[in-house]
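Consider the two complexes below, in which subunit A is the common component and subunit B and subunit C are the respective partners.
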Partner chain A sequence: MALRVTDLKVHYRTRRGEVKALDGVTFSVADGEIMGLAGESGSGKSTLGKSLIRLDSRMRHVGGTVELDGTVVPVTDKRRMNAFRFHKISIIPQYSMSALNPTRKIGRMVGELLASRGVRLETAELERRLELVGLSAEVLGRYPIELSGGMKQRVVMVVSTLLNPSLLIADEVTSALDVSTQKAVARTLLGLRDGGLVGSMIVVTHDISLVYQIADTIMVMYGGRLAEKAPADAVATSPRHPYTRALISSLPEAGVRHADKRLQGIPGSPPALLDPPPGCRFRDRCPLAFERCAEQPPFAEVAPDHFVACWKAM
Partner chain B sequence: MRRYFGRKLLIYGLTFFVAVTINWSIPRFMPGDPVQSMLSRANISQPEAVEAMRVHYTNLFGLDLPLWKQYLNFWGALLKGDLGISIWLFPTPVTDVIVRAVPYTLALLIPAILLSWVAGNRFGAFAARRTWLDNTVLPVGYVLTATPYMWLAILLAWALGIVAGIFPVAGAYSFAMEPSWSPAFLASLAQHWFLPFASLFLVAFGGWAIGMRNMIIYELEADYVHYLEALGASRRLVRRYAFRNAILPQITGLALQLGVLVAGALVTEIVFSYPGLGHLILQAIQNQDFFLLQGTFLFVVIGVLIANFVIDIVYVLVDPRTRTGMGGAA
Partner chain C sequence: MAEDVLLRLDRVSKVYKVGAFGGRELAAVSDVGFEVRRGEVVSLIGESGSGKSTLARMILRLTSVSGGTITFDGTDVSTLGRSYYRQVQGVFQDPFSSFNPIFPADRVLTMIRDQFFPRAAGWSERVAAALEDVRLDPGQVLGKYPHQLSGGQLQRLLIARALLLDIRLLVADEITSMLDASTRIDVLNLLADLKARGLGVLFVTHDLSLGTYVSDRTVVLRQGRVVESGPTTQIFERPEHPYTRNLLASVPRLGAKWADEAAPTGLPDGTPVVTADGTGNATGNVATHVTEEKA
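Our next item is the complex of A and B:
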């Protein structure tokens, strides 16, 4: 087991109270597994990703543990966490368009970042990796403003994976790209894993159909909790959770993106995470809801490697 | 790059042109006869001197000429460095009076501006996100920036000059001395310089420190900082980048504040009777010396324009984004 997350709860402190953006999630990601992470906007995908590498000043770890390759990841310990960052766990953030210091040339920034981590910059390797994502070494001499959005995203992808992390969190790396570039980026992610440069991956996305092409498993989040996790094929062909079913059925055959737009087909809206109602979070919108759903369903393994949080799926 | 500076120069040129024109028109469109009022104020008893002045001024104003000709003549004289003759210090040319005062103003302004900017930025960046400093020193900064220059100057003059008696409160050097390069004279210069400098420095320092602190806090929440932190970059690197990026708006701030700083210096000179341009302005007003007033304003305008231009150049040198925005090499 590369990554094991147990009952992780991370809330945002706000003036109006705690936003329960991650409210007890338990799952694991195997060595070399690419896990797609899907769900509506605001369901807590980025929160989960950030919780695994760096809690920002507004995030509060309420409970739960994270283990990577058998060692506990000290998510709340700012100092000890640094040993994991970049070396073992890395992230391509959702904001990767603006993740590069605008006043530094890219090559220089990478050198300074590595130096501050006590790692020597191997220019030849860096250039090789850039080539892997279709960039010439010349981008190193440029300022971020001189690159297109897609180029910046690929630069960040190269930087983030430079130290061959065991776990890579890729947050919406394709959402800002055109369809053909999206495919190329997806293939690059696959190549990083197959080339042994990155261990496991969590690929956060709105676009189930794209992630389906590279993911081994797909996990679906809803309202700060997990709805379903299963091998990609199982999610695509025999989803068990009513929410996943709605997601999948709203996807026509091929080339369709932005699952959440089609979700407007499901009446209602996601629960407010400031003060979520008890029981199943999908209850208000679920066509199958019954009395028992007032109780929170466990995230249970209903078939080998197939986990669902729904009373109707047990 | 050349086009950018070409455009800037054009703007500065236009500003200069407008400033000179306004300057020219003030005595002309004021009620009353400026020549007559100046002559009576000049209080010169020899009739031939009065007559000489009347002829000179009427000539210079060329009041009998059409306005456009007066205007062109004014420019002609200006370009030759001829700003007329001072009434207050008759018959010294205005240019000479100004040239004598300028070093004092610069000696106050340049160190006060540069040191307060550098020290304020360093200090503000240091205080940002250090709670104890933020809570103790920051309020002091707010009080300092909110203090009018004149007010702080008077306060310092009173406390350190009159009550404590450590520093003299008037003039640029002891009245008992003759200007020379002797150590005693230089010491006297420094002693007289200190209080006006300190009052300028303190007010400006507070402003820069607060501005920088806020900018750094803003930068530390920027996406590129979050990314660096997620990758475990050292605090030093993060702070260095944040400082580098936060300094850019502070440079623009310097350009915007220049006018205020110069005005502050002029007021401070008046409080300390420091013989710079501010002092000249006061004298010129008291003595209805229009030429001196005109000349001094012109000098101040030119100085501020030049300084602004220098800051523009510096900004372009330090911010790569402006360089690419100007369509230079990609």
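Our next item is the complex of A and C:
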């Protein structure tokens, strides 16, 4: 088991109180597993991704542990986390296209980055990695402004994985890209895993159809909690959580026409996490809700590797 | 047929002056022509840099036209006065920046009254009717501030604002791309409802599956040029231009993995950049399906 997260709680400090963005999540990611982490805005998916690498000043660790390859990851200790960041756990940030220094050529920037970490890397190895993501060694002599969005995204992917991290978090890496570039970038992520550059991967996204293309498993979050985790095909074909079902049935798939089939959205809006109501967070929007939903359902295994937090799915 | 045409673009081009002192020219849109008819949703599909937003802005007269003509109801839009906006309105991508956070969100409706109907009787009934048309509950939105409403509610409020003007054409530029999946579909359904009321809708998007869901006809743009246009079903089932085929093959579908064809279906690595001489179109040919039905 590469990653094991147990009852992790991370809240945001605001003047009006604590926003319970991540409210007790327990899951694990196997070696070599690509896990898609899907959810809508405010579901806590990005908070989860960030918590595994760096808690910023607004984020407060309330409880829970993170274990990677059998070692406890000191998520609350900024100094000790340095030994993990980039080496063991790496992230491709959401706005990675602006993560490159505009005043440095790519090659020099990578060199400076490696030097700051006291790491040496053969140029040939760097070139091999660029080739793996479909870039020529030529990009090392270019400025970021000379590269397209998709190319910059792939440069950042190479930089993030230089030290072969055992866990890579890709935070919405495809959301700002065109469909054809999205496809290339998603395949690159797959290539990083298959090429042995990365152990396992968490791909945070709001686009469940996109992540389905590359993920082994998909985990769906809602209102700061886990709703469902299952092999990608099981989520696509036989989702068990009412939220996952409603979400999937609201997606207009290519070819579905309004005139033939009118799709429905999910009425209502997600709960405010400042003071969320007790019980299942999807209760108010759920077509299946009943009295027991006033009590939070456990995230239980209903079929092999298929976890659902819903009383009706058990 | 002809009187059904609301909006017609005829060989429309847009050239931006770029570089120091505007020394270089960049053709964002070249020779684009299509029509939007009454009671029809036309989707304008293109990737970034394809010129789709520039076209929307030209239609809304937010930017000037460099060449060609845009006519609305047979009249060149550049000759129409403010009355144009009584008939044509736009809704844009980011609902959160369309509202002034200091005022309640329904101020956009009040401003319509002050500008266009200062002495209108029964205004609140009209507001209630417009809100009902966009499936908003007046009690949930009136008097609320923008931050208290969801993106989907704000977008629908902007459509309600346009409906108060009795518009005939709505230009919807990427109106769903910042919305969550669960509310996106409601806004799309709304566009289809507008069509049933006889409005023309130009739906600008980069997402082919959203385009196919609502539209009757589709125009595919690449690097400022139309590469393919025709009835949506035809384009979707039998795309003729290789670019459209690639685009369709790249759309991720739940439950079906991307086909493992050998060649990368995406564009070559450079993002589509419109070349200075405007000859960005690699293939040059335009696939046009027969669009004129026999009456």
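Just a few scattered comments:
The working rule: the second predicted complex is superposed on the first by the 299 of 314 C-alpha atoms of A that agree within 3 Å, B and C clash if a C-alpha of one lies under 4 Å from a C-alpha of the other, contacts with A are read in each partner's own complex, and residues count from 1 in each chain.
One rule holds in what follows: contacts are C-beta pairs under 8 Å (C-beta built on N, C-alpha and C of every residue); 3 or more make two chains touch, one makes a residue touch a chain.
Worth saying up front: this structure is predicted, and the values here are computed from it rather than measured.
Partner contacting the larger number of subunit A residues, of subunit B and subunit C: C. In the superposition on chain A, contact is made by A:S250 with subunit C only, not with subunit B.
Of the two partner chains, neither subunit B nor subunit C is touched by A:L22.
Look at A:V198: by the touch rule set out above, it reaches neither subunit B nor subunit C. After overlaying the two complexes on the shared chain, residue contacts for A:S269 are found with subunit C alone; subunit B is out of touch. Contacts of A:T237 after superposition on the shared chain: subunit C is touched, whereas subunit B is not. Once the two complexes are overlaid on the shared chain, A:S209 sits against subunit C while remaining clear of subunit B. When the two complexes are overlaid on their common chain A, residue A:T181 makes contact with subunit C while staying clear of subunit B. When the two structures are aligned on the shared chain, A:S148 is found in touch with subunit C, with no touch to subunit B.
Shared interface residues of subunit A (contacting subunit B in one complex, subunit C in the other): none.
Per the touch definition, subunit B reaches subunit A in the complex via residues 222-224, 226-234, 236-237, 241, 244-245, 248, 319-321, 324, 330. On the subunit A side of its complex with subunit C, the touching residues are 40-41, 134-135, 148-151, 178-184, 186-187, 206-210, 212-213, 233, 236-237, 246-248, 250-259, 262-266, 269.
Of all the residues in subunit C, the ones that touch subunit A in their complex are 47-48, 150, 152, 180-186, 188-189, 192, 206-210, 212-214, 232-233, 236, 246-248, 250-255, 257-258, 264-267, 269-271.
Partner subunit B is touched in their complex by these residues of subunit A: 50, 53-54, 56, 81-87, 90-91, 93, 95-96, 98-105, 112-113, 116-117, 142-143, 145-146, 156, 159-160.
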